[in-house]
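As written, the chains take the letters A, B and C, and residue 1 is the first residue of each chain.
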Amino acid sequence: MKKRILLGLGFLLILLSLYLVFLFVPTEKEMGIVQRIFYLMVPSAWTALLSFLFVFAASILYLASRKSKWDILAHSAAEIGLAFTSLTLIVGSIWARPIWGVWWTWEARLTATLVLWFIYLTYFIVPSMVTDESRAARFAAVVGIVGFLDVPIVILATTLWRGLHPAPIIFQGGIAPPMLLTILASVAAFTVLYFILLMLRVSIKTDEVELKKLRELPD
Amino acid sequence: MENFGYLLAAFSAAWAVVFAYLLLLLNRQKKLHQEINLLKEELKGK
Amino acid sequence: MNFWRKVIAIARKDTLAEMRTRETVSAVLVFTLLVIVIFNFAFGANPGIAKEVASGMLWVTFAFAGVLSFNRSFIVEKEENCLEGLMIAPISREVIYVGKLLASLLVMLIIEIIALPVFALLFNLDVLSIQLVIIIVLTTLGFVAVGTLFSAMAVNTKAREMVLPILFLPIIVPVIISAVKASDLALSGGSWTTLASWLQIIGAFDVIFLVASFLIFTYVIEE
């Protein structure tokens, strides 16, 4: 029952945010219609970070309790987080092209997202090279914790290094109410979508783990 | 409406990624259920 | 105070072992000097360019030197099964971490002390500033804090030497950025105020990761 409600809510929010992004919100004068990508970027980056928070919390809980369900949660959150981080990079790149004329630039937010992407990747690479399973899970948890702690410092360092990309222009003199509504709706839609994906992924991983255990039972 | 192509590309990319991942997950779930049912049959047959 | 005595004991053991063979220091030192020379071929032809990328080159060199030396830190333990011995001994895991950290720190500092004048010589830079020294010490501390933790992890994987850089490099990105910018300012005679924010970032990194690695180390080492 809860799942149906969530799916329905997600669907509605997606429709609402699409309407707001494309029909409701006025076009920004400096960047033109491409500026609407902003309503995709912020939610995408937000879910990527939210996911990492889950990885962090679940990793700590796993190291403390060694209950496999926390490892499953951390792993699922990491996978979805990696997907959304990749999405942020792709969308960021597509936005960069018409605005700055290049497919990539080493400005603060894109660079920080790239580093986050690598840390997410490490979360998967390191345990794959460990033979013992419980050790692999432990190492993944360590990467999850250390990686998350690094994120604020990365953001701080890259921002100090490069300065912010043009997004703040939108906030000059406060953000216009229609834009605020649109961005909030988009973030809400993405967040609900994120939870749907997370729940799905966790249930699949749980089944996979159980299946494996069943297989290893003596006949 | 300049740069409309980019706007379209960005949103298409986003929804493509989301739906591809969603489909991947649903697919895996279906396969898992099939395997579980198969195992259940095997266990019953013993 | 017992804690520190045990820590010193471990650090001494590592340092003595290192001093007898000088394996790590010599290998990493040669590597460092080679990298500096190769960078010179890549950038040095035009002295203007060399000046601009100098601090970047310095830190890339030190980062890779760090990867090499941290790899050694736990591989030696694995080779003679010393690690099990250490774990059976009546010392806490944290003692092992701090002890190894101090030993690695010493090795890194020695290498940096030797590499820095060579660097200055080859690139005609004036490096004898207290600012640069502080930057180097702080940054190296950060390197060693995470390097020791990751080295303990890497040694338990199938592709040891490759795993450490994969773990290490993304995490130290903010420190590298800050160290390079700060070194740039230091080399061109900037005041302490300009350096302040970069030093704060490095300092924050050091504190956070020293504490975190200290707490997490035991989970990495257990069987």
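By our rule, a residue touches a chain if its C-beta (ideal position, glycine included) is under 8 Å from a C-beta of that chain, and two chains touch if they have at least 3 such contacts.
Only a predicted model underlies this, so the values are computations on that prediction, with no experimental measurement involved.
Overall, the chain located most centrally, as judged by its C-alpha mean against the mean of all protein C-alpha atoms, is A.
Note: the chain lying farthest from subunit A is C, by mean C-alpha position. The centroid of the Cα atoms in subunit A and the matching centroid in subunit C are 31 Å apart.
Averaged C-alpha coordinates put the centre of subunit A at 18 Å from the centre of subunit B.
Rounded to whole angstrom, the centroid-to-centroid distance between subunit B and subunit C, based on C-alpha atoms, equals 44 Å.
Contacts from subunit A toward subunit C in the complex involve residues 63, 115, 118-119, 122, 125-126, 129-131, 135, 138-139, 141-143, 145-147, 149-150, 153-154, 156-158, 160-161.
Residues 32-34, 36-37, 40, 44, 80, 83, 86-87, 90-91, 94-95, 97-98, 193, 197, 200-201, 203-204, 207-208, 211, 214 of subunit A touch subunit B in their complex. Against subunit A, the residues of subunit B that register as touching in their complex are 1-4, 6-7, 9-11, 13-14, 17-18, 21-22, 25-26, 28-29, 32, 35-36, 39. Subunit C makes touch with subunit A in their complex at residues 146, 149, 153, 156-159, 163, 166-167, 170-171, 173-175, 177-178, 181, 197-198, 201, 204-205, 208-209, 212-213, 216, 219-220.
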